[in-house]
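One structure, pasted below without further comment.
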């Protein structure tokens, strides 16, 4: 059956040309991202176990993680975590296969701890977090559907994607990646809870960065401010590489020197002191929150990577959009992809895949239409490749 | 200081004219909505306590509720809840005022139970749910900011709103309201966990409704199917009143007669059997999920109604958009409002309020521009009115 | 097979004649007793469900309840519970019978709430407690044993009992019964958390009573002290009826007028403010803690009433001891009964039942020996009668 | 003031001469002992923190630990833990000292994990347990008393001790120590959950030992039985060194070869599969449960080691009893010590310390009475030495 793929030209200003744009990224240490990261790591660990023992990924959705912030008493030179962060894992997973039992909860809490240990070196897993699991079994009908008609959509759902990133989007994402990546060697004093807000007005991009310091590496306010200046400069130097717009950088604007208000933490993570988080409330699968773009509400992290159309279609929509931009070169200003499932239909045969293209002036849609259709068709045909990419951690979902 | 309100005309097809549209509403009994409802009821109960005892609403954000689905064994004629749904309240709230202590957790669990009791008559609060609270105190700097510079924005955030609803939007929302409202007298067999998905393709609106039955009111499959037919017809009869488009209605498409798969529940709520929910993953403040519209990721339910700009601006944006459409009559096809805050600025003086208008053909923007600006200005000036409306439960947030 | 019952005469001073005696009773509102009461009520509710649905009591032991004290702010005239008491139910119970599921957790939390509601009228179940259940399935071998060789002992265990009560024992028990019973009409200001310590030295019994007041019924310190005086007098008037010893009564000795330290509570229960409790740490099945008597460490409350020898033998030992005293009249000063089980043997055929008798001077043991043996034999033969008495709540276990 | 110490001679058969004797020891891996061990380790860790930071031990009682058994699927050659054991820490501790906060919960969960890691090498702390803390602040009046009148009794309580151990007592305790100590090198297949029941009838001591195997070290039933035989022999060889009585040894009597029922575990701990435990339900401070001896119900583990008379007096009573036996040589058959506190009195001045002595025939009480009194007086005078011994882990409390 031919896939229902619709390609249309639309005429409107691309996002980058509009007057105002807002883009946000919650860094990997933000409580919502911590929840996402754990949810996805649990799904990956379960998937690996299922594949190893049963040759295929069994039903699970571990997309419910609640991070309940602890209490901490940070101090220059090093303070204490007073009350551990409490992390509740829920969702559901196949825990019985015939007569065999799957160690779902043990796998879950272990992978959650491994994830935290691997990503947040200043967090003491033994003392700073308490992890609980109430992961249960799924609802009966969905599981029936899953088991008997494999690779069929589990829900009426949809995904949305776009390409290319605007400069603002690019810079917001790369700024966080830079601080939490390359810059850690130079500025280990900066923890992992980074939030980057990009606000573009006409040709000026304001980057507002909230960055948690790790207290033990900073001896006093003077050092704090000196690091802040260095961080500000480095962010600026990095950002200007990616745009012709003007850049302004603001770091930790909540600091109030006279009231001794600093963004200090013990662990580099604001969840240590009352900041809660949960899955699906932060970044979309693009790694960004883009209110000036169409977005899906889908919480992708932790969803099962075989038939969960919300997860698959959101990621695939972005892949298709990027591929179209890549292949069709300079003629395209912006592509928007939406894929809609229908419950019970094969995952690779969505109800409709709609592609909207904004071209450069005077480009003939008919020249690209078939190619674009073909790209989408091909990606849909190979949608099951995504599954392994999720399991191997090769696709970001937040 | 004059408010930074920008009104611009944009030229693009309004949502209702586009080829495809998807709109979803998770009914009040959907696990995500249950989480939202509890979160907001806790915030309202705390706000009332604060006002009564301290004359003003103290800092709190109870926007973290995790609903961990239980286990149930529904049967025609009446089954059992096997394991109660576990509901974790978190977030934070001011629990000490000078020497006095505020009974935050007692208020919280009581208001959660009251909410459930009031809305879901087939749920046995004593046996079917377990409610736990880990609500803590907020992070120190935000609370400092809150206490000392009242009515200033707590974050760099934004809100987005639009008007008018398309027919699809209108019908999706009203369908759920109808089933969970007026129709309860006629069809008490239908529980509160209703999900309505509207998918419009050109001039046809497909309404896919998932509706949990309450098992004790349905004696057998024959009655189940007869109710389903009646429900389908009533939804249709109700929907056609609101549109000239064609309507198709599909109810419980997951039912499989031969496999005895029905959407039966004991309590009218799918959370009884493994469906989890959390705050902010369901409906936006419009009561809808509208992926073809700009959306905010903000979880409004449970946020404090005084300075939480994410909550205030999302609701206000929609109020402004609706007021503009109402006042400027037939000239306007669609209005989109976005309000952006800046941390530390007064709530009524956003960084920018941007209003985009799509007019009917040949309408002169300059004729409306000042009126539109004035409407937005007035609503911003009276933003504090919203607070009481939230506390009194007069504004829906999901 | 003849039961292994050994009756011996021992020569030692009976407890009542010794120089010093200490006896304690934790009233029904003491946190340890609250845990016991809930544990037993859960077992009774499950037993009834099993009997109703399966004709017999299935395996369960719900003898694990942890009461984690809350926080309260009592005040003359009425204060607040600030943080609810958290109550964790654990243990295990048969939750699957063939293809059917037993609603173990729902039954458990409902019966826990019913128990609290029935016994503690000043506790608000919706606001003052949070009840959670982590009741699981039992360990496989014990359950196998249980299912296949019914009415056989589940463990190598023992029970111990004695009769008659000394005056101190009688008075300690009756004092609590009196305050928490008859006296509630006269002195509703006294809550249910009562602890009575009896310390006899030679011919003087010191009764030290700790009694939680319910704050809303007491308007000020003057009323507090006047009630205290009245309570002291009533306890005295009641106690002297049961003994020829001298009685001294001390109520709430921890009160310190000048520091405004009173034993005030909001709910009549000290668990409201940080006092924790758990099953099996309070009263023995006699309703008393009697360190000058042999005691079993067995936590009887919540144990299954069919084959749990620890529960059965402790209660039966006391029944036998009392029956012996009752039947053999004035010749006996004191009887001590110990019954030892052996895993796998029928419950009514213990490994050994040892009975030690202290006679009045010049009584001939041989005159009573056979009767005593017969009493024990008869009670053992009818041990299964105990099961229904437990289920119907006709035997106290704490 | 002279201490109220009363020394009396009593005439009755010592425990070792009675016909029947039952003695039990729950090994360190028994769920009740696990709870005790964690409770005490938390108290010790807090005490060390308090001493280091404030120069003295602040108020705490962490004597509430609930071990909720997990689920496991042991197999010869190595199975899996399916659901982690959930361990809830409660009790209370001083968490605020002036303006400073004490990291109570972080210390608590860390010390609990350290304890488990140090004692149970086959338990994977990351995957096999979930540790939660709900430790709160204490009740106000007790804390007031504590702070202002230091080293005064916190309660009307008592302790009881005896000496010497009978052969049965000695052997039961040493058997567990042997299996969980020296024998681990030879028989690593035996885990830490060991329960030893000693039942002496006249001159025969039956030792019934339940010993959890660690599945990965045992390849099949044949090896299981061969180890069982070896273990039985070694227990026998060890036990006969300590007595002239006959010894019979029974290991894992619940095994049923034909039904494939073995006592296999993954971790060496039965809590992995549904066995729950809590503080104070297992061994007394002697390390034994001795129903034929007077016992205290006090849960010593986790109690604060400064003023908690229940903890102090139980341990001290045994120390005094042993010292008396040691000093007064062969004249004494048995000593029983009971110390009774009075709330508000200095810890070293109990309300009464009563010492009962059973002498060998023809020994003159008056010859020993003063020495005995002097020993008790001296030990009471130095009771504060106990505190450091608890903190340093030099006194066993279970």
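The first chain written gets the first letter, and so on, giving A, B, C and D; residue counts start at 1 in each chain.
Please note the rule applied: a residue touches a chain if its C-beta (ideal position, glycine included) is under 8 Å from a C-beta of that chain, and two chains touch if they have at least 3 such contacts.
If you want to know which protein each chain is, UniProt gives these names: A, B, C, D = S-adenosylmethionine synthase.
Fair warning: this is a prediction, and the values are worked out from it, not measured in the lab.
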item	value
Path length in the contact graph (subunit A to subunit C, fewest steps)	2
Interface residue identity across copies subunit A, subunit B - same or different by half	same
Inter-centroid spacing, subunit D versus subunit A (mean Cα positions, whole Å)	51
Rounded Å distance, subunit A centre to subunit B centre (Cα mean)	24
Rounded Å distance between subunit B and subunit D, as computed from the means of their C-alpha atoms	56
Junction residues of subunit B, two or more chains touched	70-71, 83, 86
Category of the chain touch graph - line, ring, star, complete, other	ring
Subunit C residues within the subunit D interface of the complex	6, 8, 10-13, 19-20, 22, 64, 66, 68-71, 83, 86, 88, 90-92, 134, 136-142, 144-145, 156, 158, 160, 197, 199, 201, 208, 253-254, 256, 259, 261, 263, 270, 273-276, 278-282, 284, 289, 291-297, 299, 338, 340, 343-344, 351-352, 354
Parts of subunit A lying in touch with subunit D, wherever the complex brings them together	70-71, 73, 80-84, 86, 95, 101-107, 109-110, 113-114, 124-128, 130-133
